[in-house]
Every structure is written in structure tokens, then in C-alpha cells.
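Below you'll find a set of structures to go through.
Each of the next two complexes has chain A plus one other chain: chain B in the first, chain C in the second.
Up next, the complex of A and B:
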């Protein structure tokens, strides 16, 4: 195997072009030894262009090479994309989070990757660079070809960064997972939501659950139920029922039975939407700079 | 297998290895450098026995391909011990606290626990019990039950502060 650590994007593109499809991009490489080893690897984890966290008024840009530890500790992400900070805090263990990257979490295409679930709920887009220097933007949920298979061809494309709208006043997001242990444990179900209020009415909502299909999955019916509504005490039972009813879950030896997962989908959907909503309400009261 | 030269800093010394870059850092340390303090438990990033510092941050050395440490600073339990010796002590105060608190039983998880602790105390010299738990949440111990380990870490933090222990040679940037 050849392993090349590149220090900029030009070198990365050149190395990929030269290998004519044999080389694969790698960043944190934490899943490298769990699969078949490719013959050539191009390590982009120290390319400065991939490490930035930049905030414009309308757009938060998070480099694909930012580690989960880095994202979890970022004051901007904690304030403007809280679900992402929460999700990143849950990935693997401290040792894994210190090296694994957001880009890898998405391109590795595991169906319940914590950061990816949060990114989809936040409405993030991925910016991809091809070998001819062209860029394309794709919604994160559209990057999944199948279970553990990304549409990103890591022999000819580099995921550069994620773009998302930062939280505004009246908006909140949250991430939750349920797992047998608090660390080093696969989630049985994970969920994330983003809610924007106008007055006390839900003006926009994205609620996402995983793993129920290859990609983190929007809860369309649950979102419809809540959109334009003013949630009250009677809302939450319906949210729980609707969320559980609208996805088709499977049991797995690795995680848990279908029945248990069905129950968890409803409970986590309710809890995460409620938490996002509470944060949206809190942010309207101000004081946190939003 | 194609081998290549990988140059990095190991416990403060510049070293080179001519190796398959797909060899894990764990196996590189154990087989090429004969540093046997770093343990192999699960070999897949789930137990933390192989924890070392790369550029000052705790990582699972079993998951790191050797090619990745080119130009980086790697710090292992042997470096920690040497730090203690260089100060005229038998071992590092962290190791001492583990022994005296009864935090070592079979000892297999201990080097990894100490490396995670070392990274924690570099960032945070007065961790709360919660922060201690968080810092070792990636390290499994199957005999002591964690309580003594947590106590050892809090005790170590006190001793390091009392002794004004610095010169942390980890290269964290």
C-alpha cells in the first residue's frame, strides 16, 4: 500500500488523478482497518482548506476535515448548530473523536452516523470537488447510494465542507441517541430536529431519524403534523405515534428488535423535537446573542 | 506490500521507520520500536488499551495507519515513565497515584488509562469527577470497576499541581 499525506488540495487532486482510480481519499481513517484496504491512500486530514469553521450571517461553513472533538468544542457550532455539537460529542469515544472527521462520518455512509443525522436535520449541504476542479453542492441526505455506500466516489471526488444556515432567534436544534452504554456504543436509534418559531407557531421544521433506511431519514408526516401548529400538551402523544407509524424499521442482531426500535423511534422523535422547540423558545427570550 | 520511510517524533526523539504504511501505529510501536507498554486489546478502537498521544491528543493507536504519523509527535506510556525518571522520581506522579489508589489490578488497561488521563490533565489541570469520567469513557477496565481509577486521576491532578509539574513534552499544537 502507498500512503501519501498531502498538504493542500492541489496535491490531493494530483495524487488522485495520477493513480487513475486506484487511490482513495482518507481523512481520520478510523474505519480503515475495518474494511478491505485499498492499494493507495491519499490522506487529506491536514489540508488547511478542510479545517475551517467559518460563520457568515447567512451561512455556517464547517470543513469536512474538522474532527468530531473539534466540532463538539466549537463555540460557533455550539451556538449556531447545537444539534451538530451534541451529535459530535456522542461519536465513538474521546480517542475516536480526536481523529475522526465530519466528512468521514458522512462519506463512510453508516446509516446511523451521529454527525450525519444532525447535519441532515440542520439542512446541511456538502460541497464536493472533482478532479477537473469543478464544485457541486449536494444535500447531505442525497449522498447515500445504499447501506454503507456513499454516492461520493472517494477515488475522484473530495468532500470539502458542509454549508448550513446558522440558527437565528426563534430557532433551535437538538440531537438525541439511545444506546446500551454511554460511550463506545452503537445507537439503537438516533434522532435530530431543527425547529423555527414565528410567535408560538412552528414556521419551519426538519426532523430526522436513523437507522431506518440507508440515509438519515426525514419524518415527513411528523413534520407535516407540526408545521403551522402551536404545540400544546396534547401534541406530543400524536408526534410519538405519527413518527413511529411513518417509518419501517427492521430488527438487527447488531442493535435491537424491530418492536423495540419502533417504540424508540416514537419516543426519541418526540423528545428531540420537544428539546429543539424548547431551545427555539429560549432563544426568543434572547440573551445568548442569537 | 510496498514499504516507505515514515519519520516522526517518538517520545521526544526523531525516529524513522521503513515500513508498510498500512501497519497500525500500535504494531509499529510494539514490533519496530519494542515499546511494549502500549497494549493491544480489541484491535478495533473499542477498548482504549492502545491509547497513545498524537500531537498531544489521545487516539487509539490500533486505528492509526503508520503512514498517518509522518511528521507528527507520538507520545507513549514509556515517555510518561521517562518524564518521571528525568525528574528524579521512580515513575510519573500519575503512575504513582494509580498504584497507590489501587487503580491497577491486572494492569492491562492501565497504560491506556494513563495516556487518556495525561491528555486530560494537559488540557485541564483541575478536572471535575464528571470530566474525569468523560476523559476515560473510551477506556475499558474489566477488573477494577473504575472507581479507584477515577480517584487515582483526581489524586494525580492534585499531586501534579502541588509539584508544579510541567515540561509536558507532547507537542500539542
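Up next, the complex of A and C:
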């Protein structure tokens, strides 16, 4: 087995090109030993281009090599993409969070990956680099080919960064998960939402739930129900019902029954949307320039 | 490394700078220097692996091992036909080193391979061809007891590994005359002790036909006899040497006998040391979890709350082979009857064979499983009678001087004080809005009779070395519980010496005194008492030798030897004086502790243990009313373990035991899919993480026990006993319905709240 640590993107592209499809990109490697080991690995975890967190007025760029611990602690992410910071705080354990990366979390394509759920709710796009130097941008939810299978071919493509719109005034996001224990546990359900208000009316909303299909799943019907509305007390039962009804869930003898997971989808969808909404309201009142 | 040095000094001295005794190997463990079974390496060592049955029940029609021999590096392959394959067992002789003609669970040992490395051995396993004829299998213990059930062992008709019908007093009459009868059914799954270090061993068969097994065990002397018997070797030719033990929790009392036997056989066949170790998955699928239990229980009470009688119908799930499951079933079916004054008892207990992973024992020996059921039922009765669950317990609990319904002679007992203190500390009468509160009481024998009614105590030697230091030889076992720390303290206190002058020599069956091992809460109580007696004996011998040497009376006091004239004598001088006078012997104090009055009759009535420890735990919990998510905020653990020898060590026992009790109550449990263990990894078999552990408040009510050393009683097992029951009662208090099958998960609470499932 060969293991190549590269220090810049040119070297990474060169190493992948040379291996002609045999090598795979690796960063945190926290899930590497769970499956069959590839014969060649190209470690990109120290490539400086992948480690930045940069904020323009219209765009927040988060490097694919940023660790979960790094994202959770980033003041910019906590302020401008709160759901992502919350999700990153919940991944695995401190040891895992210190080395696992956002890019790896998405390309690994686990259906319940916490950071991926937040990224989809925030409307993040992934920027990919191919071996000929070409770039493409793909919405994070479109990166999933199947369960645990990404459309990103890590023998010939490198995920560089995620781009998302930073939170503005009147906007809030949140992430919640429900798991059998407090750490090192896959969630039975995780959920994230981003809400933007105009006055008291919901002007934009993205609500996402997992694991109900290969990719983090938008709650389209629930979003429709809320878009353009002014949520009141009577709204929330309907949100819960709509969210639970619009997804198909599976039960498993080691996690929980399908019936219980359905129930959790409704409760978590309602809670996470409410939390995002409350934050949106707070940001209006706070007047801190968000 | 200044940081490490500083940490070392803190660890050794304790924060306040006072001497804290954590035991001799704490620092080695903390720095990774300790040598565990998996670290062992010997020149020329080979590696063994086991081919296991993929079927829960099947006939073996043929085994072809030719392919395995063709794998490079393979030295030997054994099947049942290649060895004597003698039957052995701890209670029932139902096992053989390798399956002969028939396999009885998924994981049953079919062949063993030894090779130059583990990879080659694994490759060889794949090259062995076995032809099986699948047989019908039975997985449910109640179904296994039906007449039409498939028979798993020809020698145990009806699939009964052990059974018991017990009656004390006149239960039928008591039930007939009761004001209230409450009843319910409970189920508790199999749980694994989940010690950190998977079991590993190296067997070394030498050219003189000596067999030495290097492995960490809680009861090596007992295992040594089983191995000698199963391999037809003279006992004196078998030696067990223990590396550091990476946790045991009862699971390493007899460890994995199959592994020791197979590595020994492979070493005897090849003449080379053979290392074998279980993977974590094998720990779950072929290790020895504790029996699962189903309990149907009834209780009779007077209107004023007086307990009149209890009746239990218990089925425990043995799995394919029996190990200690009969003893565990026995403790499970009777120990809780002595927590309260219950004059009439009727119990039927049956241990059923099934085609699943064989079972054994775990910390608290099933006592915690039954405690969950009985303590839940007591709360049900309190609710029906409109009585406070605390007052109901106080009204009926056992006291000092009682002889319980099974004949346990209670010489010291602060259970009533434990209950009151637990209630006071948890805020029983000052409850937080939105929280649920529950309480549970438990007993555990400390120093009980185990395998051998005639071997009840312990022995130890204390030797004055030529350099003036003292070595304690003990056959008792340290596995993280702090036994050796307590032993050093007991000996140091008896001799009046600084603990640094004492060394423990242990874990070598050729040298150390024979012991029943680390089980039955006996280390400090029984083993510690023997050490106290050995130290007392040594003290007398030292004084005698010193007096003889100086020609005037000498007393040993405050760490020094002083003659009547005031002259101080060095310990080395006395040691050398004796050594030369006897041409090489050392001053050796012997301690033998034979506890008085422990015995039982054919109905198991009698005082089965030296003494008894008590505990009351109270839980404060909160339930998410929408999802059923349970948060255990606090466990208050109040213990009567007599005089506490090593307070930090004792508190450590409580923190660990309560955490395991929380796992038992809310997280753990085997899940089977047609006989296959479905959760055979630590990702799927969930134990609590540090974040799941609640605040644990512990407190000791120190009674002065007449038997234990300096009045000490055991603590290691009773710590787990009341936890699941206290949490179950707190959950019921919070949501108004009861979850009756463990573990109490969020989904079960949700179902109890909204679907009326698992509810009373």
C-alpha cells in the first residue's frame, strides 16, 4: 500500500493522475479502516487551499479540509452559519472531530452525516476540481449517488470547498439530532433548517431531514406550507404532521421502529424550524448587522 | 517531560498532597507501560485462530482440513477427532474443546488452526471445508421448555440446564389472606461485561511437559484445576501467570475456557508458545454474557404495607452451554428476598438451553436484574396502597440482627439509614418540577460460598525481605477495583509501616497462595482479612526474632523496632539474623482466615456468606414528553459497606458501578436475529459514554462489621444492584406508566406513554 502526503493541490492532482484511478483521496481517515483499504492513498489533509474559512459579503467559503472541531469553533461559522457549527459540534467524539473533515463527511456519503444535513439546509454548494484543472459547482444534496456512495469520484476529483450565503439580518438556522446516546452514536433522526423573515412572514425556508434516503432530504411540502406564512400556535401541529407524512422511513432492529422514526421526524422538523425561526426573530431585534 | 512528572506527582500524592493509595499499577496503566495479555510476546510464538459454526444448530457431516495445511505458515490444524476432547464444565459438563459431530450456536468452535501469524491462520480457516446438515433450532427460552422443542443436549432432557422450586413459610396461605396482591412480568436481556481488554492468552507447553498459561483471570486457581482436568494433566504441571487485567467485571472469573484449552492443545501439539485472542466481535458472539431473564412476579401485602409473601416464576436463558449460569440463576432468583422482611416465598426458576451464545456471569450476578423487577413491583404496590414508596420500604427493610427468609445472618445492616439518606440527598420531599424520582434498595453477599463449601476463606503470606521491606504474597486479583491498594493499606496499618515499604506479589499460581479469586465481593473482606492475619503473624515473628537477637524484649511500633533499653533495631538486621540462623529462610507470617458459620442445607437455606453489604440508590430523571428521551440527572448512591478502607477507591467503585448500572438499565442488551448476535460491535452494543453519565452523589454509612478486616464489607458488586430499579421507578414516577423490559430506551418510554405498551 502506498500513502502519499501532498502539500499542495498540484501535487495532489499529479499523484491522482499518476495512479490512473487506483488512488483515493483521504483527509481525516476516520472511516477508512471500516471498509476495504484501497491500495493507494493521497492524503490532502494539510493542503493549505483546503483549510480556509473566508467570508465575503455575499459568500461564505469553508474549505473541505476544515475539521469538525475547527468549524464548530469558528466565530464566522457560528455567527453566519449557526446550523453548521451546531452540527459539527455533535459529530462522533472529540477525538473524531479533531481530525474528521467537512469534505470527508460529505464525500463519505453516510446518510445521517450531521454536517451534510446542515450544509444542505444552508443551501451550500460544493466546488470540485478535476484532474484537468476544471472546476464545477454542485449543490451538496446532489452529491449522493446512493447509500454511502458519492457522485464524487475521489480517484479523479477533489472537493475543494463549500460555498454558502452567510446569514443576513432576519435570518436564522438551527440543527438538532436525536440519538440513543450523547456521543459516538448515529442519530435516529437529524434535522436542520434555515429561515428568512420579511416582517413576520417567512420569505425563504429550507428544512432538511435525515436519514430517510441516501441524501439529506428537503422537506418540500413542509417548506411549501410555511413559505409566505406567519406561523402561529396552530401552525406547528400541521408542520409536524406534514413533515412526518412526506418522508418514507425505515425501521431497524438495532435503531428503532419505522413508526417511532416517523414520529421523531415530525417532532424534530417542528423543533428545528421553530428554533431557526426564533433565531431569525432575534437577529431582527438584535440589530447586530446579521 | 516535566508535565508528565507533575501529573505523576499529583496522581501519586493526591490533590491535597495527602497519601492516596491507588494501588501499585495505576501509574503503569496511565502511562501505557502496563503489560496486558495482548501485549505478550515469546520467542518462536505462533498464533491460533478458531473456525466457528455459521449455523445455530447443525450436524457436522465432515471436515476437510487439507486446504488449511496448504496455506504457507500453517503449523497445525485440530478438529475434535485429533484430540481427546474431554467434556468439561463449571456446573454442568456440557462442553468440549471442539465441537464433536454437532454445533449448537453460531460461533461454536469447530476447528483450531495455528500458524506463524494471525493472517496466515485466518487464511487457513477459509480453506477448511465443513459439511453441515442444519437442524431445527430454538431461540426462545420459554419455547425451549415446551415438550415439542428440539433437544439441544442429549444429556439434558427438556432443555433444562438447572431448575429450582423453592418454598419458605406458607406462601399460598399468605396470598389467600392478603389485602392486596400486585403482579407484573419483566424481562431483562443478556448483557456483556464489556471489559476494555478483549481476552487474550499465550499457552506455553515446554519440553518437560509443563503447561504455563499467561492470561489475566479473576479466578486463576479455579481455572487451573478445570484446565488440568480437561486436558488430563497433573495439576502440579499447570501454571497460570497473569499479566495486568484490562477489566473483568465478573466476565473474567473463568474468562474464556475454550480459548485457554485450544491454545494449550495447539502449544502441546507444536511445542511452541501459542497466542490466541478474541476480537471485539468474538467477545460479543462467543464471549460469555450474563443470562437473560424473564420474571413473572406476584407480591402479597397487608393494607398497612406489611410485606406478606412473594411468588416468582423465572426463566433464564442459558444459551448453548452452561458455564456459571446455574449459579447466576440461583442468585438472581433468591438474593433480593433478603432485602426486606418477607416471611413467605415461593419461587420457580428454570434455566433453559437455547441455540444462542453461551452465557456466564457479570458483576452483581443477576442480582441487579431481579432487583429491577422486584423494586418495580414494590412501587406498584405503594401506588395501589396510596403509600410513599420510601415509607413502604422503611417499614419492611432488613435490620441488623435479622436472620432473613433464606437464613442469611445479618450481623451489620444500615439499610434503613441508607434509604433515608438517599431520599434526603435526592430531594425526595423537595422535588423539582418536571422530574421523576425513584428509589431502590439492594443487598449483596460479601464473601459468599462459591464453588466449594469446604473452601470458604483465604490465605496470605507476609515476608520480611533481607532489605527490610515486606512482600505480601496473595492469590487474590486486582483488575482495576483497587484490591491491591486496599491490601497494602491493610498490611501497612497492621504492621505500622509506611505503604511504600510494602510490595504485593501476585498472579502466579506456582508461588501465590491458592484463592477462590476476585468474585462474590470477597477481595477486601476475605482476602484482606487473610492479609491482616499474615501481617499480624509477621509482626509477632519479627518481635520474637529481634528479642532473641538482642537478648531483651523488642516491640514493633510506629514503623520501628525498639528494645526495652531504648535501642532502635533496623528491620534488615532482624531479617538477616533470622536468615543466617535458619540457613536461608525468611521471616514469613502466615494468615489463614476461615470465616465462621457459613453453610447451607439442601434447600439452600443457611448463612451463605461471611457478611452482607447494603445499598439504597435514588434517581432523579426527566423525560421528554414528546419523544420519550430520558435524561438521568442524578443518582444518589448510599452504601453500607462497613468501614471504608480506601475512600477514593471506594468512591471509584461507586462511579463505575453506577455507570454500568445505567448501561444495564437504559442502554445495553444483546439483540438476536435468528440466533445471530445482531449488535456485535461497540457501535451497536451501546454502553454509556462519559457524556451520558449523570451526576453521582455517593455517601457511606459506616457500620462496624464483626467479620471484615477493620470492619470492612464488600462493595464492588452491590454498587450496580439498585441502579436499574431506581431509574425504572423514577421513569414511572415521571410518566405515570411503567416500562417493564430493559433497557429503558426512549422508544420504549414513548410506547408506554402513547401506545400503552410495556405498561402495567
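Assume the second predicted complex is superposed on the first by the 285 of 290 C-alpha atoms of A that agree within 3 Å, B and C clash if a C-alpha of one lies under 4 Å from a C-alpha of the other, contacts with A are read in each partner's own complex, and residues count from 1 in each chain.
The definition used in the following text is that contacts are C-beta pairs under 8 Å (C-beta built on N, C-alpha and C of every residue); 3 or more make two chains touch, one makes a residue touch a chain.
Just so it is clear, the structure is predicted and the values come from calculations on it, not from any experiment.
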First, second, both or neither for A:178, with chain B first and chain C second: second
Touched partner set for A:33, first chain B, second chain C, both or neither: first
Partner chain in contact with A:253 - chain B first, chain C second, else both or neither: second
Touched chain A residues, chain B compared with chain C: B
Which of chain B and chain C A:145 touches, first, second, both or neither: neither
First, second, both or neither for A:93, with chain B first and chain C second: both
First, second, both or neither for A:264, with chain B first and chain C second: second
Intersection of chain A interface sets (partners chain B, chain C): 93, 182-184
In the complex with chain C, residue positions of chain A that touch it: 93, 178, 180-186, 253-254, 256-257, 260, 263-264, 267
Of chain C, residues touching chain A in the complex: 626-627, 629, 667, 671, 673, 678-679, 683-684, 686, 688-692, 745-747, 750-751
Residues of chain B defined as touching chain A within the complex: 1-2, 4, 20-22, 24, 43-46, 48, 51, 54, 57-60, 62-68, 70-71, 116, 119, 134-135, 137-140
Chain B-touching residues of chain A, taken from the complex the two chains share: 1-5, 29-30, 32-34, 37, 41, 43, 45, 69, 92-96, 98-99, 182-184
